[in-house]
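Mind having a look at this structure? Questions to follow.
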Amino acid sequence: MEQRTTIDKSFKSEPYQINMGPQHPATHGVLNLLLTIDGEIIQKVEPDLGYIHRSIEKMCERDSYQQIVHLTDRMDYLSSNINNEAVCLVVENALELEVPERVKVIRTIIGELTRISSHCLWWGIMGMDVGALTTFFYGFRDRELINDIFEETCGARLTMNYNVPGGLMLDIHPNFIKRVKKFIVHFKTKIPEYDKLLTENIIFQKRTKGIGILTKEDAISFGASGPVARASGYSCDVRKYHPYSALDKVTFNEALRTEGDTFARYKVRIQELWESLSIVEQLIDNIPEGEHRVKTNAVIKLPKGEYYQKVETARGELGVYVISTGTKSPYRLKFRSPGFSNLSLLSHIAKGGKIGDLVAIMATIDLVIPDIDR
Amino acid sequence: MNIPLNITKTIHDWLFSIMPEGAASIVEMFIIALVYLGIFTVIGLFLVFLERRVSAWFQLRIGPNRVGYQGILQSLADALKLLSKELTGTVKADKFLYNLAPYFVIISALMALAVIPFTKEFHAFDINIGIFFLIAISSIGVIGILLGGWSSNNKFALIGAMRSGVQTISYELSIGLSLLTMILITGSLQLSEIVEVQKNGWLIVQGHIPAIIAFMIFMISGTAETNRAPFDMAEAESELGAGFHTEYSGMKFAYFFLAEFINMFIIAAIAATVFFGAWLSPFGITESLPWLGIFWFLGKTLSLVFLMMWFRWTFPRLRVDQLLTLEWKYLLPINLVNIIIMALIVWLNLTITF
Amino acid sequence: MTNEALQGIISSWFPNPDADKVSEITENSDVEDGSEEQPEAQKSINPSLLEFIEEGSQFLNVLVQPEQFYALMSQLKTNEETCFDYLFCLSGVDWGEDLGVVYHLESTIHRHIIVVKVKTEDRENPNLDSVCDIWYTAEFHEREVFDFFGIKFNNHPNLKRLFLTEDWVGFPLRKDYVDEINMVIK
């Protein structure tokens, strides 16, 4: 009789835990999510981080400012140029260094091209995560073209190191303008193709609409930024509110949607492709002549004080917070990475969904793990 | 021994002339088994190669093109590689079931292959319950998947296996009912007779509207039955790693892999047989050359295989609850209504025959 | 809103009891008057418990004592005039002697920014109030600060190591952290 009661107990359903990652196709890197699941329904998502933590912030405390620029490439490697720009801007602002107009325009063009290439890759991965493997190659096809342009100009494809405090490492390649124009023409025909292949697909819409809803209040409270926040109707584009480089000279619309679901986040990024393309288009014909770099001291020492610079990377708001004591290295340097804040809301919006929903949500949050782990 | 094995009349007669009847039957069975094993491997490997080339074509790539002419031997090389790989497994796996599972999958696929009418002559096992046999056999495969997922002691594999069980059990209904719709026209379950009936026009033409609906339902549920995208819940790569075969390696993995492709071929072959007249040429243009039947049969089957590949490389994956909604709320009711319409059409003699 | 106006509002929330005696300013709990006068003569005695620093930073900096910290933060969030609803950066800092946390706050309505700093001298067992019930994002950021600086946050729902393993000894981003094997120090 006693045995029977134990058997009855064992037939009760109970939640179980699985480790999604650190080696899992949907986590795009070494993120480990500890899922508590009841059948297929997710009850809790607990991220376990640190698999590629390199303590860049500690390394910054020993490095010079020129060296720090190189470290930022390795954070959010898909928007490395924008990360570089952030550190350069904070140094230039602290030194009250006026960089030439030419530099500002080129930085903005390169930054927006980086955003396009990052979103191309994201689009490919997004399709792959919901099961459409073909999108990956379409996304990479167009990303390759941008990478080729970058390679010609600065010699690298992923970790560019093109920005240095005071300007640019090198002037743009003579082919740069021609190739970027060619790319604009090419890419304008490709975004509708993206829509045709994935956006308009009924299965894709069923998979994403109404999934992982993030309200505007929660988005603000969770410190969300970038497309994730803008899909919830929270207007937070740093390019609009705190324009840097040549972004105050261009007109563009902030991609905003109000639904806050996975599909809205998807659409925001697709719209951002158009906006970034239009920014590049506005600037590419008007690159002013001039120097590509102003001279700085070989050893840059920031005046004593605290400096903060926000930029908009492809994932959201990147903040660089520097406390300087007047030496050649910062006393403390903190990167406020967009991925870290965006990850913190994953558990909140994935709760109650299926495993498949979690994968779709993760794809639209667009996590880059080195950005979170730093 | 009166099993209707008739691979070719000549070999059959020759064997029976030199041996006593019992021995001849057994020898013939062995020969047929070997021939079908060969067909099985060749089709499996060829479809793997075809899938890779088709997907490459869809994805702006070239695909395998180095091993042999246009890479045709690539999948053979891969099979050799898989043969030489170490068989790994989890420590706490249920060893017996873990090793048994791939055989369930592959044997059920092999058995189903025996009923397929490649040509009028080349049709190993023409039993009078052909369609019924196919449906019954194809549901054995899911046992292998369930066992594999359960016994490998991995939660991802278990989720994949459970999904696969849910999916196969649901979609089997649709497969059965859509074939039943067509059987209303033929009045027979025997595959050779089903083909015979189509000499007056392929069934998809004879049955017109309900037949087209049945064909569409069959292709959808057939894709689901073979666990292929957009219904690849069981091995949803981005969700479960590899699903039920996460813990399998080497040849055991290859069995699952091959079985998937053979199952795809079988589904396409059933569709070609039931809806498109198997080895019959269109309008009987090559009726005088019966050996061309194999060409027509493979042509039709491979076009349908291509269609299934097309699905796979364009559509995103459904979510598991959407998959069940699709079956139980849409396909099944449509199917039931479709059967009634077909019954009325057959009863009122509204079929189109030439 | 300008930094001066912000300073006026915020300082009125936490009047210094000593300053009260001197200037006999009655406690002013409602804060609708943004440009409240700050008598120049009271520079020697801070009229507020808060300390404002504006040099060396592009934002308004507030240094607050740990005792008033939580009350200040919830006021900053809930008050309609300040309405700092967006905590965009939370960084732990080792000031040498003190351990502290720096909060960068922005209002999504008024678009003004404030920096709140809080320090504690206790290096062995630093304790600060958690703000993760005010801004959800603080939960992760505070775990990060706990991980690297060892600052414990009261009322944090899930305070454990985030990046490092549970058995890691020491707090790497502190200035006195020594790890001769893994760190390259110039």
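Chains here go by letter, A, B and C, matching the order in which they are written, and residues are numbered from 1 within each.
The rule we apply is simple: contacts are C-beta pairs under 8 Å (C-beta built on N, C-alpha and C of every residue); 3 or more make two chains touch, one makes a residue touch a chain.
This one's a predicted model, so the numbers in the text were calculated from it and none came from an experiment.
A centroid comparison over C-alpha atoms places B as the chain most distant from chain A. Nearest to the overall CA centre, using the mean of each chain's CA atoms, is chain A.
Rounded to whole angstrom, the centroid-to-centroid distance between chain A and chain B, based on C-alpha atoms, equals 44 Å. The distance from the centre of chain B to the centre of chain C, with each centre set as the mean of the Cα atoms, comes to 67 Å.
Separating the CA-averaged centres of chain A and chain C is a span of 28 Å. In chain B, there is no position where the chain touches two or more neighbouring chains simultaneously.
Annotation for chain C: no residues touch 2 or more other chains. The residues of chain A lying in touch with chain C in their complex are 49-50, 53, 55, 57-59, 62, 93, 218, 220-223, 225, 234-236, 241, 303-308, 310, 317, 319, 321, 323, 332, 334, 336, 340-341, 343-345, 348, 373. Listed in rising order, the residues of chain B touching chain A in the complex are 55, 58-61, 155-156, 159, 229-230, 232, 236-241, 313-322.
Chain C makes touch with chain A in their complex at residues 55-59, 61, 85-89, 91, 93-94, 102, 104, 108, 111, 115, 135-137, 139-141, 144, 148, 162-165, 172-173, 183-186.
For chain A in complex with chain B, the touching residues are 16, 18, 24-26, 40, 127-134, 136-138, 141, 197-198, 201, 203-204, 206-207, 354-357, 359.
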